[in-house]
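Labels for the chains are A, B, C and D, by order of writing; each one numbers its residues from 1.
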């Protein structure tokens, strides 16, 4: 039960289940937008979160791309961070201790350029205290297949999923790429391969040009588009996937407020992730928790779960 | 390290030149803890355009509860800020980043160019509060022309430290660069140079200080999304070939740790 | 030569060629956002346009979707007009006269739910005075293939293109759908099938939810996302396609200003289309023409063509 | 048909109730040509959020060069407008759509509910200008409570036509609906009823007028992107089972031509 700040002494049933993972509320932070959580400790109450998803971790440390790595666009931003991270071993050694102490489920976002790499990271994360789940970022290029992203091909997506599932004792959430013709097919493929849940969407591939210098605005030329601009695409994809799969869906993309989160839940999401909004308002995720709880009370819902997939199509 | 997000009310608006403004905010939590060289992130719109916050150095802390920023109107966010009115509220969070480490053991030389002057006023105040003597301290302020420097001159002079000025067109002080003044000054080995300004000026400072063998701290800029180490967007190559992050590891760095493109 | 309003008595070389189609400047209006041009006659000088692209025309009249058909989103909008139009015969009879009198090339956007329908519309448009080109909207569902959009499958896209080319004596521009994993492959397929140029992008598929009613905000549930929000995706796709094809590219998506248009040209576009911006500022397309001409003069370009594909990647 | 896009300066801001505002713009080109029932599209932001313009009926034309809108703060666009200050400039285009066709041959009955009152003031003015006699004319204004109607009452009464008021809570005039007043009034067959207000009220008007056999023109609303027939977004089912477009074929329609959901 979540205490409702704004409505006196009310409590709201905010619990949701992502497969075997019980969350006290449906609000997570999106990978790459919340650091390793500690960055936000002064600006919000981390304990209020349903789950924390950390910045994507690879087997070996990655330095990331040269700057400029980010550029603002209309109601959004492009990033080409280049998956900078300290690598799985240092992550476990340097970051997990603090995270485990939060008493919030920690979901580790992982990435690789081969199936073997995904498997190896997964193995190393097993048994690490605090790791409650794994989110598989399949938007990365498969180096063995000429750099085609795992997430754009149902077979490759299924193969990564099965491989990670084979090594994992904790629930596996597969994060889908929106840069595909038919996201429901990919979702079905990863469901069949054993995914416990799917999260969507990752960023749309975009680009910006600096007219003054006549150069790409990002050193990497292309980058990932996130923020309110992409919310309609994310909502549509959640809706499409919800019609096809029966595993829980976690909605991501342009969510800033509790209203946004509720819209995703109506479209079929069991939970949501807050991404770019963390930059605009470092307390955004906590504000969404507050807003959802207030909504449950105001609308006299038996629980927040009663919103899931309840879009009225009549 | 304390950080706060507050809804700060504008208490004063000063237009110092055609494009340069100074805003004073009632922002007691941030004012209570911020250090010279640190910065804040300000939301410039009520809507989603522009979406991201904009970083600004803390220019002054006034009394117990007010902070000031000094900025130039260069784009959409700063244009919105330039239209701020007394009583308007802005969401601000901070203070962020690592500021200047004041070396109380030797002379301080503060060098600011253009909008880089902004953080130096708070630095000078702290400098004068912490040090027993500042007879050999020096402030060098530069700008394109008189209009860019003059409005701030008295604020610096009030601390009793020597202030020298360089302008590109010679309309105030020496005609030339702040680095020229620095080169021509007596700099003892125990001095610390503190710089903020355009990249080229900082690179020049770094070079001179290396040659002369004095410590040099510079405040650098970068595009930022979060300002607090969460997005990894504000990277900058360091000397060792990896990346540092301006918002977290800086914005103030020992100049010798950075990679300078001249 | 385009007279430069803002810079005294200067003239700027603004001509561009889309295959055999010579345009006095690179600014067109995007299909579905400019009606049949006449709607704007009081609010701008239609003669200033490089070309007019009219609302999509089908063989038979289509009533369109029930309302609500549009909803605003962050820096964008969703539409589900449902391709309402008067049908090719009434279009020719009722609309072409006025359009032909404008002395601006008129490009007719066509759509169908079978290849035969695309062919038939094309045939009927041949020889109609004023019709300078055909833009083929391939984002429509292919009824014979279970409703998969022509534009998401390279083979179907090529087949439509070849069919239209077979019947057309005027240049054929194929308008690509962005809702695909790999737009360059589609672009190559339609180039091989004989397209004289490609325009991109059509709208991204999106959705919005009205939390108050708990219904989709559009009666059609999903709709097409347009406006500044999608500009980064459009720019990236233009850039990707420009690397692959050698036919001219027309950039569309979120263009509001001359600066936006120049960014698309740097990324590889020979011309641009102004869409949603026409609603925000009915004079937007004329303003872009003015802005481009002023840029040519200010930057002392030999012609606007010297910007095409000149993005500095060094 | 003339239409103009102008940068119109706000010359007066009136807050009539907690949420209802009236803005006066210096907008000479539009003021010169607009007719009762027509509307304008106003850009409410300088940035891209909100992106689309918002439609507003022309409430009054003042002198040669000023137009007025009367609106309620209901969302982001109207909130921005509610913060307009004298001297601010807004991009406006119009006039758009088909307005009321004033029938000078019989009594006019103007029925407005809530914000639907907006276009009726200009209509009444034109009505009184064009008609020889308006002894049998009637204005019926409705709202939730006194506050919603009272501020506009004098503006209507100045034309000398009988004005009756209905409020939901009875705090001013009759307690009930404007349609109740209409039903209770003597309506001759040569009358024309002009209505603007919530959909349910208009449906009620349409029904009564059909029963009584008098002409009824109603101004309806719809979401709009372009306001000028270019986007086909503002469709509405008509009696014949096809769609009409509110911005182009309306916003004023003969009530009998529309499909009413009651």
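Here is the rule we go by: a contact is a pair of C-beta atoms (placed from the backbone, for glycine too) under 8 Å apart; a residue touches a chain by one contact, two chains touch by 3 or more.
Just so it is clear, the structure is predicted and the values come from calculations on it, not from any experiment.
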Chain-touch separation of chain A and chain C, in steps, is 1
Whole-Å distance, C-alpha centre of chain B to that of chain D, is 54
CA centroids of chain A and chain D: separation to the nearest Å works out as 47
Rounded to the nearest Å, the gap separating the Cα centres of chain C and chain D is 36
Chain A residues touching 2+ other chains are 74-76, 227-228
Touching at least 2 other chains, the residues of chain B are 48-50
Contact graph of the chains (line, ring, star, complete, other): complete
In their shared complex, chain C is touched by residues of chain A numbered 73-76, 78, 152, 179-182, 204-209, 211, 213-216, 221-222, 225, 227-233, 235-236, 239, 254, 259, 262-263, 266-267, 310-313
Contacts from chain D onto chain A in the complex sit at residues 48-49
Counting only contacts in the complex, chain D reaches chain B at residues 45, 47-50, 76
Touching chain D in the complex, chain A uses residues 74-75
Per the touch rule, the chain A residues reaching chain B in their complex are 32-35, 39-40, 42-43, 55, 63-72, 74-77, 79, 81, 84, 227-228, 256, 276, 278-283
